[in-house]
Structures are given as C-alpha cells and as structure tokens.
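Written out below as structure tokens is the structure these notes cover.
To keep things simple, chains are lettered A, B, C and D as they appear, and every chain counts its residues starting from 1.
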Amino acid sequence: MSIAMKNKTIITEQTMLAEDIYSMWIKAEDIASTAKPGQFVSLYCQDGSRLLPRPISICEIDKVQGTVRLVYRTAGKGTKEFSKLKPGDTIEVMGPLGNGFTLEGKKALLIGGGIGIPPMLELAKNLHCEKQMVLGYRDTTFLEDEFTPFGKVYLATEDGSKGTKGNVLDAIRENNLEADIIFACGPTPMLRGIQAYALEKGIKCQLSLEERMACGIGACLGCVCKTKEVDHHSNVKNTRICLDGPVFYAEEVEL
Amino acid sequence: MNVTLAGVTFQNPVTTASGTFGSGMEYKDYVDLSRLGAVTTKGVSSIPWPGNPTPRVAETYGGMLNAIGLQNPGMEMFIQRDIPFLRKYDTKIIVNVVGKTTQEYCDVVERLAECDVDMLEINISCPNVKEGGIAFGQDPKCVETITSELKKRAKQPIIMKLSPNVTDIAEMARAAQAGGADALSLINTLTGMKIDIHRRACLLANKTGGLSGPAIKPIAVRMVYQVAHAVRLPIIGMGGIACAEDALEFIMAGASMVAVGTANFINPTATIEVLEGIEAYMKQYHIEDIKDLIGCVK
Amino acid sequence: MNVTLAGVTFQNPVTTASGTFGSGMEYKDYVDLSRLGAVTTKGVSSIPWPGNPTPRVAETYGGMLNAIGLQNPGMEMFIQRDIPFLRKYDTKIIVNVVGKTTQEYCDVVERLAECDVDMLEINISCPNVKEGGIAFGQDPKCVETITSELKKRAKQPIIMKLSPNVTDIAEMARAAQAGGADALSLINTLTGMKIDIHRRACLLANKTGGLSGPAIKPIAVRMVYQVAHAVRLPIIGMGGIACAEDALEFIMAGASMVAVGTANFINPTATIEVLEGIEAYMKQYHIEDIKDLIGCVK
Amino acid sequence: MSIAMKNKTIITEQTMLAEDIYSMWIKAEDIASTAKPGQFVSLYCQDGSRLLPRPISICEIDKVQGTVRLVYRTAGKGTKEFSKLKPGDTIEVMGPLGNGFTLEGKKALLIGGGIGIPPMLELAKNLHCEKQMVLGYRDTTFLEDEFTPFGKVYLATEDGSKGTKGNVLDAIRENNLEADIIFACGPTPMLRGIQAYALEKGIKCQLSLEERMACGIGACLGCVCKTKEVDHHSNVKNTRICLDGPVFYAEEVEL
C-alpha cells in the first residue's frame, strides 16, 4: 500500500448538486494516481475548533488531470465549512485511505443509499461486467444521471417521488434484479438489510461501512466494527473500518 | 537534548501518549520512529480486551472524547509482535499497562519483566472502563498500594499515570511516590459527555468518554506544575500538546518529557514537529541543555 | 418556556453566568434584559474587594483563563446601585455571594435577606482567591456545613455553586442537598495555567486561573448529568454555553436553567441567541413544555 | 456614549508598512461617524479556537468614506490571521470602545512608542494647537512620514539607526522639547517614565494604557489598572481600562 500523506490540495471545482449536496474536485495527483474505488480520504477543517478529520469517499478519479472528486452532504459544521470553499482555495487532505472494493463478479448489483451513492460511481467506471445500479434516496435525488452510461439505473425514494416507493431492497424486489455480486454503501440499517438479503440468497456481497473516526489510519481503535471471527490485528472480534475496511464481505462483519 | 528518567536515558524528551499511536506501526510511514525519545504503547492487559461498543469517539470544541475502553490484543500478542517491531528502531519502549484488578496489573508487569522494554507506564486513570482504570487512581491509598505491589514485581522502572479527575493531584502524586514510583505521567483524559440533541441521546455508546486535545492543555500544565512542586519524581507531561510551544509550557512547568497524543490524529507528523520546534527554541535562546528549561517557571 | 426552581418562576431558562455580565449594566445596550429568565450578578462580598493583580485574563485554545479574584464593590454599593438598576427590568435577580470566611458569607446573606432579590447563588468554588472560595467547595463536610449555616439565615432560596475541581461532583451535590440547598449551579471554572514560553513565566499574575468557555463544555455536561442522577435538586447548568445547541445539551442532561458565561465576551448578544435557539428547537420538534426536555437523556 | 455593536465589516485595504507591521482599512460607518482619537476597537478572529477579541487602537478615521484605519503588529496568532485578510474579506469588529483623548492644551507633545504610535495619528489630525511628535522604535520605523504634515517629528530608536539613540524621553531631552500637555501611548515601562517626567515637570499628561482584555466593554473586570483614588464604579482602587480608559491623566493611575 502506498503512503497516504496529509497534504494541502487546491480545489478545482465546487458545485451544488442538490439541496445540501455538494460536488468538489480537488487537485491531488498522489491520490489520483493510486486510489481505488471504495477508498476514502480524510478532509481537515480550517477552523481550529474542529480537530478531527472528516472521512469522505472517493466519488471519481481523473488520473489524467490528477484530480479527485468528492460528493458530500453538509451534515454538520465541518462539511458546511467545506461547502463554502471556492475553486483556488486550499483544503488539507489525507488519502487514499482504506482498502476499497475488490473488482469481481459477472453480474453486479451496485447499491448506494443517500450519501453512500458517490463511491459507487468510480466503482461503476472500473467494474468490467454487467452492472445494475440501485440508488436509494429519501426525497431529492442526485448523481443518478451520471450512472446511466454504465448500466441500468433503478431508483428508490422513501417518499415515492421517483422510482420505487421504499428502500433499495424494495426496488430490487420490484424489479426482480439478480446478481452474483453485490456492492453496497449507505446507512447501517440499509447495509444490515442487504447483508441479510445477500446471505439468504447466497450472493457474494461487499459492504462499505461507516463509523466515527479519529485517526483514519488504524491507530486509535475508534472506528471498529464487530467481526464474526477474531481479527488478525486486534486479536479480538473487532476490526478497524478505516484501515482494514471500509469494505468488508457480508459474512465477515456483524452490523 | 537527552534526558534521563529513573536511570533510563532518552535521546530527546518527546514520546507519544498511550493509545494515540498504537505501537507505532500505523505511524511508521509518517514518522521516523528512531527520532523519537520513546514510543509509549497503547494499554496492554493480560488477556485480549474487546473494548467498548461504538461510537467510541466524538469531536468536541478544541478537543475530542474517546471511550475506546482499552481494546487491546493482550500481552502475549503484544510481546510477540509489537516489541520486536519497535526494537527495530532506535527508540525507547514505554509499555502502558492496564488491568481490571491488582492481580491483572501484576500479571502484566511480571510477564513484561522478562521482556526487552525500557519502562512501564501504569494506567490507573482510564475513565472508560467499568472496573480498574480510574478507580485505582482516585484514592491515594489505592494509588500507594498498587504502586508498591507493582514496584515489587517490576524489573523496569515504573511510571504511574495519574488521573486529572481528582480534587488534589498533588496528593495522588505523593501517594505514588510513597508507593515507590520511579516517575509520573500526567494527565490522562478528563471525563466528559456529549449529547446529540437531535437524537436526544449520548453521542458515545459508553455515554461518557475521556476529553483530550488542546482544550485541556491549561488544566494539564497546571497539574504538572503542582505535581512538580509536590514530589521529587520526574514527570512525563501530556494533555493537548500539538506544537513545540505547547510542549515547552509543560517542560517549563516541570515535565522532563512530553507526550504527544490527540495531535497525532490531526497531524501525523506532530511528534517530529514538536521535537524540531524544541530544538529551534533552544537554539534561538542559546540553551545548551534542556535541563535548564525543566521546571524553570517558579 | 417558564421554569420554576425552588418556588421561583422564571419566564425562561436562560440566565447569565456570574462574573461575565457584571450586574447587566454593560450589556443593557446589547441585550434587552427583560427578555432574560434572570440576571446572575458578579460575586458580592461584605466589603469591597480589590481582586488580583493583572494580567487577569489569558486566552487558551477554545477557552480562556481568568483570575479576577472576585473584585467587587461590596454589598452596600451593590444594594444601593445594582439592585435598583436590575429591578427596572422584567427579569429575576440572582445574586452571587462570596466570602473569605463562613462569617463573611453569612454577613452577605443576612444583609440580602432584607433586599429585593429573588435567589442567592453561593459561590463556594472560585479558584482565584487565597481564602474561601474553592476551599469550601472541595470537601463535602464543608459544603454541608456552610450550606446549612447560610440556609438558616437566608430569606431567599439558595443555590450552591459547585466546583468541578473535585474527584466526585455527585458527593458535593449530595452534601449541599443534605445541608438544605434549594438548587445547584454547576460548573464553576477548572483550575488551569498558561506559561509564556518567551518570558518563561506564568501569563497570569496569579499564576493559575479558572478555565472557562467552549473547551470545558463536555466536562460540564457530564457533571450536570451525574448530579442530576444523584440529587433531587434543580440544577442551573453552565460551562461553555455559546449557542442553543450547547444549552440544550445541558437541559437534556438534567439542567432546569442554563447560564451563558464566557460567550458574552465573544458575542454580546449570546444570551438572546441561546434563548431564541431553544424556542426554535422546541417549535421544530413540537415540544410544548421545556420540562419535557429537562433530563430527557437517561 | 453611542452603542458599539459587534458587526461584520469589509476590509477595503491591507498593506504591509514594515516587517510585521500592517495597515488595514475597514468599512465601518458607525464607527467612523462617532469615533474619537484614542478610542479602540475589538477585532475578532475567524478561527474558532481563538475566542477573545483583539483590542486595536483607531489610527485614522475617514468620515467621508465611512472607513477606519488600524495599524497593528503581528504579535501572535490572532494578528497574524488578520494580516492574511485581503480587501473584500470580512472581519468582525466591535467599536468604538473606550474614552479617547481629551483635546486640550496649547503646545502639545504627542509621544508614541512602537505599536502605541498609530493612535497618535488621528490625534494629531484632530488636535488644533502646536504639536511636536516624538516617536520611539526598537529599530525599523513606520508611519513617521504621515505625521510630518502636523508638526515637527522627532524619532528615537533603541539601536540608534534613526534619530536619537535611546527612548522617547531621551529624544525629548536631547531636543529640549517643551509642552503644556503630553499625550502618550506605548509600552508600560515607557508610560511609567513619561508619567514620572510629567509629574516632575508639572506638565498635564494623558496616558493611553494597555492590558489583556476579555469583554472590552467593562463587564469582566479583566483589564483593570490601579488608581490613586477609589474608583467611582468599582469602589476599590481599580479602574477598567476598556471602559473608563484606555486614556487616563497621569496623576490618576499607578503603573
């Protein structure tokens, strides 16, 4: 694995995709040249009162330009700070972090829920097999158009305003979608549902998890997830999401 | 820049705060570990500990809360894997020791007596475990008893790590001295809580956690100053150190060494920046020997 | 939004932290004092106190240190000038009382018994005076004794203001309850120190000072939570409150009222913003009665 | 006295006058319309880790433009933050604060030491009598040219690189300067010397003092100065520099 240094990078583009959803491109050649889909970066706030890094998934990588795209929701003060930055401004970034998705399978389901959708885009670009994208939203949708070049896109919205009314699993069932591999990222309850679904159907399944982080590099043990077996590093049934994840096979983890 | 504590000479006064640097592995690409005075490891117990449920960390204004709950792989794996790893570097090894009972602390200390480590730091101040930890560190009698029990068994010099969650830190320091401690570390974290007002629940699964980071520095400096005036023991100072200026405050208050903790998370090269900054300060003021700065504020 | 503590009804749960708002005069152009639940005054002693030498304040990361040393004009001038001033506004008056001896506290409480004020807040937790202050607040027996002595003499309900510089805040709260306290205020400041590394001296003339501001909020919320689970008394919560979200953390942890302190210095209209923010939160979540939020986090 | 609200103002100009010395103009109509020489403003940092306001004297007032000039030294992190701001950026300001100088006398000595020099400029502009300016520096000088329209300017430098080698009192003695009123601002040791000089010579003397502040408006009692008599407000021999000062007559205060 290459070393993920903490660097000051320049923002090359910042746009609002939907209410509270922003897309930011940063110039980060080291990250762009080594990153894999499913990895993430740590973004640091400028305001000294906010110390901890914000983990944000890599949404797209432009190896030619040496840039990386991050799509994020303004959840709190840190992401709000990021959303005010303009092209030319700098932001401190460490990455790429984590393991990323393993590219495998013949017929894939790429499932993203809410702010778990962005990492599916770079995955879709890199995965060379038949792809079906299932994107779940509460109400307003974003990024869905960008998936259409890579396969058929199914939407689910909680309020039923677009696609299936319900969650991503409802959309999968409604459309009778089949696959030999599932890739999923989204809120834990959604992942729990997909985990059960995949295990029940016997479909191989990679889940990208989320947890509060402090170091982002495996040192603090802040971001662990329970595992079925004793973890190689921790020697207990806990693994570090930031370093050994965020992507795990469905059968490895307890959600 | 070298300092000697309890007979152990460190090439410089900068170490890591336990639990913020693992056993150095995760930072080895950021920091040349051979440049550190010592690496202080995450707390080690006799058997593997799973720690607390998540969320385990929360950001606070100028600081953070953690309730890791001393997750660790247990002493056998630590001895097998982490000591040999650290020995590859030209740095001293301080092992942080934890237990739920006096017996458990003793077990670790006895096992480590056979191992190639330089000092033991006894954590009697962790606020995030139900038994042991802080309970030992808030009563002077307990502090003295556990210190003397461990001192009997330890082959390496022992550092007692004190809790700031006490009325009188000097009293605890005196108790540790009475029990035979070779040095003191302070401070561990202050117990804190954060509430998620939208979920109307504590943010940490453990409800309370330990507050660390720059926010607590003034409390830590005060306690180092107090303890330096109360006992003869050398002090490793910590609590919010993020830059050389911070470290120098601790040294001038009376610390012989300083540990960088939470700052590692924000800036993985913080330890080296602290070290270089102290060197630059000494150069600027033509100070040959760091001992001239230790406790220079009266 | 009204809350009742010890029989006194406040139009809303927002007051000022003693010593950060004078007697309101300096803030009257920024804040309509009639909108506050109460104004809590700077500590008042029997005779005028000159306080400590300067520097008296220092900035720290996310907070500040102060060592004012309870400078105040004494109770006679306070009674003559400040009470009539505050009475012009539609707000309750909480007078913070200080002394160097039990007798001095008693003198102030007895003198105020004849005066038109609503509650007395007894400061047994100031870390910045040599005698009295914190010394009374760090020993449960002292807390109980002084509380019962004052309770005998007070005409108004008394609030005991507790120090966070203790091993077990709940023990102090129980002692105050045993002594007959009507309510509790917490927290006062945490003792801290800042060193000027270039002058190699303490920044504050008093060497140590009290740490306040957002940096200490997690400690304060934890203590409010602990005390709310230990005693039946209503609590005024404070320590780093700068916005409504902060105040709601205290309320959910168990505070019936909240006090805005250091934040006034940074934002002179902070009290009103806290008040309006709590109102907005209650509207957003359709909460009719603030009592439904008090201590709602278990 | 008018109310000094805390407002977001726009920076209209920022220039470096000398190493570590900056001149900043801000658009602040309320302040410009009411401020007097010798008053100051509180500047707030953007970085949330630095809470307390930085008191900075008003150096010049442009009532026509509604702007105010502040000249400051980058002493620490707060002033360093200010120095990085560019025209168009905003800064939070509260002011005007304090009492300011009383305009009086027939033949005046305006004495500024280091970063105590800036407030003398607006004073010089407003004081309609014979003026002699004595400006003391460690080494590099600044702002001295801007005083020449208002009277004769005498310099003192500690290293002797310009004017009298020594301090402002040395310059006064060397040039046999006489006056019936002294206005002074600078470091406390300098003010102490001037206080003694003025009392000895029987010259009326206004001193502008400095102290660490928290509220800046008289509430916290952080910034007091010892007084000869019991103070009207505090009822002890302490007065608030931020509200009742920063300008005091030499005989009122103990330095």
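FYI, a contact is a pair of C-beta atoms (placed from the backbone, for glycine too) under 8 Å apart; a residue touches a chain by one contact, two chains touch by 3 or more.
Small disclaimer: the values here were computed from a predicted structure and weren't measured.
Think of each touching pair as a link: the shortest run of links from subunit B to subunit D has 1 of them.
Distance between chain centres (mean CA atoms), subunit C to subunit D: 35 Å.
Averaged Cα coordinates give subunit A a centre that lies 55 Å from the centre of subunit D.
Separating the centre of subunit B from that of subunit C, both taken as means of CA atoms, is a distance of 33 Å.
Contact of a single residue of subunit A with at least two other chains is seen at positions 48-50.
Residues of subunit C in contact with at least two other chains: 61-63, 214.
Viewed as a contact network, the protein chains are fully connected, with every chain touching every other. Contacts from subunit B toward subunit A in the complex involve residues 19-22, 26-27, 29-30, 42, 48-51, 54-59, 61-64, 66, 68, 71-74, 77, 213-214, 262, 264-269.
Across the interface of their complex, subunit D is touched by residues 61-62, 214 of subunit B. By the touch rule above, subunit D contacts subunit A in their complex via residues 46-50.
Chain contact summary for the complex, subunit D toward subunit B: residues 48-49. Looking at the complex, you find that subunit C touches subunit B at residues 60-63, 65, 138, 165-168, 190-195, 197, 200-202, 207-209, 211, 214-219, 221-222, 225, 240, 245, 248-249, 252-253, 281, 293, 296-297.
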